[in-house]
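Below, subunit A partners subunit B and then partners subunit C, in two separate complexes.
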Partner chain A sequence: MKEYIIRRLLQYIPILIVTALIIFTIVALIPGDYIDSVASSNPKYTAEKIAALKAKYGFDKPILQRFLIWIGNALKLDFGESLSYQRPVTEVISYFMWNSFYLAAIAFLLEIVIAIPIGIISATRQYSKLDFTVTAFSMIGLSMPSFFLGLLLKKIFCIDLQLLPLAGMRTVGVQYTGFVAFWDVFKHMLLPVVVLALQGMGSWMLYTRSSMLDVIKQDYIRTARAKGLSERVVIYKHALRNAMIPIVNLLGMSIPGLFTGAIITEQVFAYPGVGKAAVDALSKRDYMFVVGFNLFAALMLFLGNLLSDIAMAMVDPRIKLK
Partner chain B sequence: MRELSLKDASVEHEERILSPWALAMKRFMRNKLAIAGLAVLGVITLLCIIGPILSPYDILETNILNTKKPPSAKHWLGTDIAGRDVLLRLLYGGRISLTVGLVSTIINLFIGVLVGGIAGYYGGKLDGFLMRVTDIFMSLPLLPVLLVLASIISDLQITPEIRIYYVMFIIGALTWPSLARLVRGQILSLREQEFMLATEALGLTDGRKIFRHLIPNVIPIIVVNTTLNIGGSIIIESTLSFLGLGVAPPYPSWGNMVNVVNDFKEFRLRPWLWVPPGIMIFLTVMAINFIGNGLRDAFDPKMKQ
Partner chain C sequence: MKKLRITALIALILCCSVLIVSCGTQTSSKSWDLAAKQIDIIRGTNPEKSPDAAKNRKDTLVIGSTDFNGIFTSSWSQTVYDQYVTVLVQGTIVEPDFDAQPIPGFCDFKISDDGLTYTFTLKNGVKFSDGTPVTAKDIEFTWYVMCDPAYDGDVDMASIKIVGAQDYMDNKADTISGIKVINDKTIEARLEEVNAKAIWILGGGGILSKAYYGKDYTKGNVDGIKALHNTPFGAGPYKLVEFRLGESITLVANEHYFKGTPKIKNVVYSVTPTGQELERVRLGEVDIDFPTVNEENIQDAKSTGYIDIYRFPTNGYGYVGFKHDDPKYSDKRVRQALIHALNRKDVVEVVYGPYANVINIPQSKVSWAYTEEGINTYDFDLAKAEALLKEAGWTKNAQGRLEKDGQVFKIVFTTMQGHPVTAPMLPVMKDDYAKLGIDLEIEYVDWPTLSDKVNAGTADMWFMAWGLVADPDPYNIYGSDGTQNYYRYKNPEADKLMKDAVHTTDIEKRKELYKKIYQIFNEEIPCIWVYQRSDMWAVNSRVKNFKCSPYRDYVYDLYQVELAQ
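Up next, the complex of A and B:
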């Protein structure tokens, strides 16, 4: 296992370098930079000052040279400075990352706790009314664009009913403590969590259902029934264990992604997560942060794949990682 | 006597051996949700094609005396900030959103099948190289990279009309790797099967092997994937346009019509501007998903009742 992980990491290094080069290049291709973006709204910036600042941050050099400097620093775990936050990129990401994680993790827990059992029950009663409802609900969740679902809920609960705060994570300008502070954050997070959970539940339900259906149709399940085992034992002992293998695989894959933020949902609810920070940075031309964020997301993607392989090997004795 | 022979004939008719395609078609037609999806998508497409022709208004026509009006008999979905008819923009936006979904899927299909097919069939070094390229594309986080590409496009100062094509291209060019892997995997497993050995033994040409024996077996999975991909591309386009990075005004798309919510007053007071396009995206994507799932169930013999 250890050997496998090390080899996967080594194999990933060249891919990571090329990925970094691609991300760096496309970000550098966006016309203008942070200095231009600040200078355009501030007449105090003279041509000389702009040129001096650009030279200071190395924006005047060709892309390849900038990339080599950047990757040299990146090897020392220095991913540059986010100009709009005036802090190292890693610090900004690790600050916002946790806000994103709380949001996504709560939604994720809700999803699996609700959707997986429903998916299992739905599969055991294929073609029943319940199964039909579950499938239809999942399809609705999968087909709804997250920004529209978010906007609808915001319009209903924040504007028409005035039950929940409009945006952000905490009420601005007040210092709550104890339970009041918790309640304040809870109210802010409720709608974004609901949007994420409703969307995620659909795919978890469908996935669990189809994985369960695949297993139920296999011969050993027929054998178990023929032996006279109770339906309960057949489903929850014999079938469920194998049906969970692809689910565990997907769980492993999803966990690192909880840190990369739900870009759209965070944007709609102005939630201070890393996804919203990245969109803001993009519009402010804060490129070091955009590059850092993209690379961070790529890394989490890789980690997800690795984790899902490891999880598979742990639950399925037929799989040996080599 | 005559009745009997008729009955016999009908039995014979029932027992006629159906081709796999006809069987799949039969299974598909029995799937109520899939048929409903087909009907909804058909109606939406027809409305988007015919609607703008029948409308008394012009798509670029503005009317500053008649702005921000709620729905009425004259303007069924009201008018927007520039006094344009929202219903007309909705149908016109549908043309653009559907076209973007379709064209970017065709690009995705073209690259995916080509790369996956070549890698799977020829194997060896070529396969190794193509799969490394696929790995690299797969390691890019989709939405963040799309946002960066879209902001390059929005900064290039190109005309909104040309920009639509760029949007189609970047969506297609980033979503193909999963299809390529799917096609490659499918071809690899087909190559090992006996009927491919038989084509070898019969001395068939490469072309005949590929087009008569491999491709027909890969098509079902491609059809399902492509159908679902159209829905996915429509969501991606609408998301980019919603963030102001996709299809740009004056051209409407369902996503950029929802973009008005950035003006808080419009969001709060004029839901007719942003709710209808959102519903259209939802209905269209759901219809496509129902069709895609129906196709998957129809092609997959494991799902047979």
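Up next, the complex of A and C:
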């Protein structure tokens, strides 16, 4: 198993380099650069200053040369400096990443704890009223745009009822400690968590439901029933275990993604997460940050794949990792 | 538009530059009448209704802001909110007055009669926030850093030609002969030629402590200074105690501030989601924020009873640009026809209501250089436009399109999707231009792409905004070889007048010259000026003594602001 993980990780290195080349090229090909976008309504920039800054950041070199310089540094774990924050990209990402993770992780836990049991129940009672309600609800959750849901909840709870704060992660201008501080952060995170959870829940319910339905129709379930086992044992011991295989696979894949942020929800709530920072960086043409962030997201995706393979091996005795 | 507004503001803050500096030392800021400066104040009628959330903050002022980049080192910080914090922490050597003239900040200053030698003398009691005195050596250090070959901020020290500075930048000399420390409190800079912007380049920023910023600095490597961007240190009215990226900044009063300890102990900046600025002031989450000026926001603010509005003309203007080297725009009659055929008044009315006005010269109505004498207002008039086009040789072809020498008149307008100005403007424009037989096609891109196309000269027609600087010199934008003359507008007569206007310090003479320049521009239409709009601060009524103006930002007077209990 250990050998397998190491081998997989080593395989990721060339893949990451190719990914980096693709990301870098795409980002470099977007028209406009950081200096242009800062200078074009600020009459203070002189031609000499613009040229000097572009040369300093290497914008005047061909893309391939820029990439080689960048990848050379990246292999030494130096991913460059964010132009707008003027700090190393890794530092900026690791700062925002945890804020995003707290938010996404709480939402994720909620989704799992609520959606999976509901999905199971609704599968066992296929075409019942409950099943229809759950399916309809999942569809609504899935198709509701997060900015709309976010603004709607804000209008109700922050502006009309004035129960929850409008933005941010903490109340500013006060020093809270202990439980009060926790409560304060909780109140700020409640709405973004609800928005994320409502969106995610739908898909988890549907996955669980369909996976469960597939299993329930298998021969061995009929056999189990024929053996005279109680419905409880049939569903929760024989069916659930097999139905969980694809779900565990997905779970493993989702976890690293929790670090890469929820772009729109973070934006709507001015939540200091990495997704919001990445979009801001793109509109400012903060190349290094955009490249760094995308590479980070790609890395998280690879890790997700690895995790899900490992998780599969753990739940499915038929799979042996070599 | 947000982006445009912010960049315009950055421009405003960074480049307040004025020529009238020969009068030497002035002692204090003139008393000023906000109304006379075109600042429209609407006071809350019922301050006690202010929400408890705000009232409970007895010694803390919260200011809503856009996101920070966290670059709080003077002469490096770029965005307007980074600048605010930088000014609060590091102060400035000279400050802009309400009428945009330089007045002493940390230093009194004197400019020699030949206009070449600038002498700065530190005021008594100027100390860093740890109580150590600021000396002329610190100012020397600050200037040297800005001349460092590795310096990558946007202050162009090279442009003012300090004696010996170029050799230092090119590594041909180890010191700058034109910068001389006279004694602990006095420093001198000598220039090679008169440059009116020098006072702002030398004195517009704060003072970097040599002890703090110099410890990991050697010439050619500014990384040691950049590592301190998040933890600024200075002699300004406030100290930065906590910075949470993307979230908030906490400042605390500096008891060593030379003008006296600020009256409010804590100032906190909190990031506000775009579009919810006013709502946050209304809920008391913040005391001050910067909502967009429109009728709805002004009405909402008024109806609360506890929000004061400070509205003032934006230092900038929006324009429609085109390239003069394109044959179809090279005839001034065509350009006049295009401005006549754009219903600017109605467009501005729709977008900003009564809070913006159509402009016909590239200058703020607040500026001393502004004039309406001999200025054509180019009212909406399709008949006139048609006549002008005909005069210029454009005739309608069989399909009703304008044609000249076999060329059909077709415009490609580049803009951003959902832009607050072009979204309502373009349908009207397309319609009216079609009536003249001009085909207007619209192309949507994002802001950096638009900047790029405009820079590269690949945009045919576009909408953008300029930030205005306190000094009216527009050479950079309208001069034949101006760096940012995206229009490729060329007029030797205007060039000469613009150069003359910078080489005199006599304000009356300059007024005359600018009047002539604006008359030429108004006749020639280098671009279609559309509007000058307003900005506003929404301020909880419990905040007393708040002062702002287009030129002098509120941060300069924040140390005097109080909270009513």
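What we mean here is this: the second predicted complex is superposed on the first by the 309 of 322 C-alpha atoms of A that agree within 3 Å, B and C clash if a C-alpha of one lies under 4 Å from a C-alpha of the other, contacts with A are read in each partner's own complex, and residues count from 1 in each chain.
Keep this in mind: a residue touches a chain if its C-beta (ideal position, glycine included) is under 8 Å from a C-beta of that chain, and two chains touch if they have at least 3 such contacts.
Please read all numbers here as calculations on a predicted model, not as lab measurements.
Look at A:Val194: by the touch rule set out above, it reaches neither subunit B nor subunit C.
In the superposition on chain A, A:Gln86 makes contact with subunit C only, not with subunit B. When the two structures are aligned on the shared chain, A:Ala181 is found in touch with neither subunit B nor subunit C. In the superposed model, A:Ser37 lies in contact with subunit C only, and not with subunit B.
Touch criterion met: A:Phe293 reaches subunit B, while subunit C stays clear of it. Once the two complexes are overlaid on the shared chain, A:Gln267 sits against subunit B and subunit C alike. Of the two partner chains placed around the shared chain by superposition, neither subunit B nor subunit C is touched by A:Ile255. After overlaying the two complexes on the shared chain, residue contacts for A:Ile121 are found with neither subunit B nor subunit C.
Once the two complexes are overlaid on the shared chain, A:Ile15 sits against subunit B while remaining clear of subunit C. Comparing the two complexes, residues 30-32, 159, 267, 283 of subunit A contact subunit B in one case and subunit C in the other. Partner subunit C is touched in their complex by these residues of subunit A: 30-33, 36-50, 53, 56, 84-87, 92, 95-96, 99, 158-159, 162, 165-174, 267-270, 272-273, 276-277, 280, 283-285. Across the interface of their complex, subunit A is touched by residues 3-4, 7-8, 10-11, 14-15, 56-57, 60-62, 67, 69-71, 76, 78, 152, 154, 156, 158-159, 226, 229-230, 244-248, 250, 266, 268, 270-273, 276, 279-280, 283, 285-286, 316, 445-455, 464-467, 469, 476-477, 483-484 of subunit C. On the subunit A side of its complex with subunit B, the touching residues are 15-16, 18-19, 22-23, 26-27, 29-32, 135-136, 139-140, 142-148, 151-152, 155, 159, 213-214, 217, 260, 263-264, 267, 278-279, 282-283, 290, 293-294, 297-298, 300-302.
Subunit B contributes residues 33, 132, 135-136, 139-141, 143-145, 147-149, 151-152, 155-156, 231, 235, 238-239, 242-243, 255, 258, 261, 267-268, 271, 274-275, 278, 281-282, 285-286, 289-290, 293, 302-303 to its touches with subunit A in the complex.
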